[in-house]
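Take a look at the structures listed below.
Each of the two complexes below includes chain A, the first together with chain B, the second together with chain C.
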Partner chain A sequence: MENINIEATERSPEIHFDFGSNTFALKGESYPEDVSTFFGPVIGALEEHLSGLNGASVTFTFDLIYFNSSTAKVLMGLFDTLDEAAENGNDVSIIWSYEEDDDNMEELGEEFGEDLEHAKFEMKAYAKK
Partner chain B sequence: MLAKDMFELRGRLENEGIIFCYSGYVTEEILTGIGNSIRKKLELDNTDRNIGRRLFSIFVEQMQNVIRYSAEGLNTDDDQKDELRFGLLLVGADNDDFYVSCANKIRKHDVVRLTEQLEHIKGLDREDLMKLYKMTLKGETPVGSKGAGVGFIDIARQAKRGFDFHFMDLDDTHSFFCLKAHV
Partner chain C sequence: MSFDLFKREEKTIAEGHALLETNALPKDMQAHYEKLLKAYEKQFKSTKRLVSLSDRNEAELNKLASEMDQKNQMLEGLSKKLSKYLSPQIYRSIFEGDREVSLETKRKKLTVFFSDIKDFTSTTENLQAEDLTYLLNKYFSEMSKIALEYGATIDKFIGDAIVIFFGDPETLGVKQDAQACVRMSIAMQRRMKGLQEIWRDKGYEKPFEMRIGINTGFCNVGNFGSDERMDYTIIGGEVNLAARLESKADPGGILMSYETYALVREIVAAEELEPTRVKGIQRDVRPYRVIGIYDDMEPGRFIHKDQDGLLLMMDREKLTTNQQRHKAIAELEAAIKILKS
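Moving on to the complex of A and B:
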């Protein structure tokens, strides 16, 4: 599958999906006008790719500054998809990167990570940029 | 007299502690523009960064509610792409306590449902709010909802000092809905 590289806009995150190395990343702000239009195709591609994997090592990094509630729903779905890939015999690591003083991002990371049953989860706080 | 009228209006807003005031058609571009100015203003004032983040989140959810659900607008009948929705937004501070107020017309038949939803989340503590937030994120999108249906829950979660809401009957079919979130 062809890699996906989408530049960030004021309201949508940078997307890097490398299907060869199985490294995936979302970075920046996310409150697009229509989450389905923005995320639908890329997540569709990711799901298709993951469903064909077995015994692979997969890393997904979430490095988000802000996301709205519609995006939160998309992220929740992504966590489920990644957990499923782990259940199906892949080594899946999810990294939740957040600014160290961001209470909300920290809390959401903990809450989202708590529900994972198979994937590995790591919280990474970084110093104020 | 024009300058005097405008200056008086400005003075009234200032006295109320209002930092931003917008009344009119709300678009995604306006959301972005006002959002950027709010962030800039809070940054220049050295506002506590977590308060700033919560205020911004509430602002986005409130504005997207207007864009999606205000019952007053142009071309709003059959979900057209070029529709415009009308709403009113205030960002202000009572001393150092920030609030975000939003108001718009809604259909009268939605008042009961909204009241039930909002009363319910108003009564929840932080832990139960988070539970409901996650449950809703995982669940099906409610009928007639174009978003995740979690906007109000997110506002309640971010409004550490709570929120108030009111409805006022306008005519046979419409009510005026106002929600004030205390950051």
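Moving on to the complex of A and C:
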């Protein structure tokens, strides 16, 4: 599958999906006009790719500073998809990266991570840039 | 590829309905299951509505924040423009909320500076309006720059005159304020010399010459005027004295009152002039002509000691003849003799 690299806009995050190395990243702010149009194709491609994997090592990094409620729903779905991939015999690591003084992102990461049953989850705070 | 934000929930509901249609559940459970599925569907609808409402609210908030940002930028621009009509200290104290914008004044010891341009009317009568504007603006800009460097409060420009004071709204203490005022005045006269050369080079026959008067005393400082239109300024007899001293100063010179001299004499060389009467002041005024700051003057010219019980000021430039020197030595020896006895 062809890699996906989308640059950030004012309202949408930066996306880097490397299907060859199974490393995926979502970074920045997310409150697109139409969540389905923006995330639909990339999430669809990811789901298709993950459904065909077995015994693979997968890393997904989230590095977000702001997102709206629809994006939150997308992220919850993404966490479920990754957890299913881990349940299906893959080694899945989810990294939730956030600025050290961003209490909101820290709390959201903790909440999203709570529901994971099979994937590994890591919270990573970094100093403010 | 279609993407549905709620496809997992929809899938669950579809599976629930499919199970109901099979009638595979025991009869007593069927009704309970149907009720549960209905409640789940209702809950799902509420969630969808809440997400959509939350998105709309967030979008509205973002729009408001962006509008606020634009408004703030506009206000910042406006206040920057307004600040040019006010002394920076006043602007700061108002915008930082330290100062009440009301008709309030207080009595405070200030050092007041008054300057004007010698023979301004006759110097400028042959000038074109554009030339006059250039000269005045250049003069005011350069003098204001120096005033702000020394922490002065620029009160106002009146025609060719400048009124400045030290001691409000910020003060370093009465003595330091007076010293800053004299240092500023010397820096201004020095800059005027530079400007005069530039103006002469540009073809202005009679470049501006500035006279400065300085006085220290109690003034009323604060907001004067009406509730609708007020001026932050100073009033009082001591302000008038600064203006009177200015009118008696030499072109390019600085004249200060004894009250200011007493505060600056440790650092300033000055020459006492004959006491004089000035209009509006009941007492005799003892003016002092500023010669310079000791630290800035040629090394060795002045011998200056100021301590309790002793004030010595020797200007070697004025002791050039044998007669002058012998007289000075005799005076010093007589003083030493008294001191030793």
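By our rule, the second predicted complex is superposed on the first by the 129 of 129 C-alpha atoms of A that agree within 3 Å, B and C clash if a C-alpha of one lies under 4 Å from a C-alpha of the other, contacts with A are read in each partner's own complex, and residues count from 1 in each chain.
In this section, a residue touches a chain if its C-beta (ideal position, glycine included) is under 8 Å from a C-beta of that chain, and two chains touch if they have at least 3 such contacts.
Bear in mind the structure is a predicted one, so any value in this text is a computation, not a measurement.
S.K.: Clash or fit: chain B against chain C, after overlaying the two structures on chain A?
M.R.: clash
S.K.: Quick check on the superposed pair: does A:Glu111 touch chain B, chain C, both, or neither? Answer first, second, both or neither.
M.R.: Once the two structures are laid over each other on A, A:Glu111 reaches chain B alone.
S.K.: Please work out whether A:Gly89 is in contact with chain B alone, chain C alone, both, or neither, and reply first, second, both or neither.
M.R.: Once the two structures are laid over each other on A, A:Gly89 reaches no partner at all.
S.K.: Given the touch rule stated above, what does A:Tyr31 touch, chain B (first), chain C (second), both, or neither?
M.R.: both
S.K.: Using the touch definition from the top, say if A:Ser70 reaches chain B (first), chain C (second), both or neither.
M.R.: A:Ser70 contacts both chain B and chain C.
S.K.: Check whether A:Pro41 is in contact with chain B, with chain C, with both or with neither, and answer first, second, both or neither.
M.R.: Only chain C; A:Pro41 stays clear of chain B.
S.K.: Please indicate which partner A:Glu10 is in contact with in the superposed arrangement: first for chain B, second for chain C, both, or neither.
M.R.: Once the two structures are laid over each other on A, A:Glu10 reaches chain B alone.
S.K.: Could you say whether A:Asp102 touches chain B, chain C, both of them, or neither, answering first, second, both or neither?
M.R.: The first partner, chain B, only.
S.K.: Given 23-31, 41-49 or 275-283, which part of chain C has C-alpha atoms clashing with chain B after the fit on chain A?
M.R.: Between chain C and chain B, the clashing stretch is 41-49.
S.K.: Which chain A residues come up in both lists, the one for chain B and the one for chain C?
M.R.: 31, 35, 68-70, 72-73, 80
S.K.: Can you list the chain A residues touching chain C in their complex?
M.R.: So the residues of chain A in touch with chain C come to 31, 35-36, 39-41, 43-45, 68-70, 72-74, 77, 80.
S.K.: Which positions of chain B touch chain A when the two form their complex?
M.R.: Contact set of chain B toward chain A: 28, 32, 36, 49-50, 53-54, 56-57, 60-61, 64, 130, 133-134, 137-138, 141, 147-148, 150-151, 153-154, 158.
S.K.: Given the complex with chain B, which residues does chain A contribute to the contact?
M.R.: Going by the criterion above, the answer is residues 10-11, 31, 33, 35, 66, 68-70, 72-73, 76, 80, 101-104, 107, 111, 115.
S.K.: What does chain C use to touch chain A in their complex?
M.R.: 1-8, 50-52, 54-55, 58-59, 62
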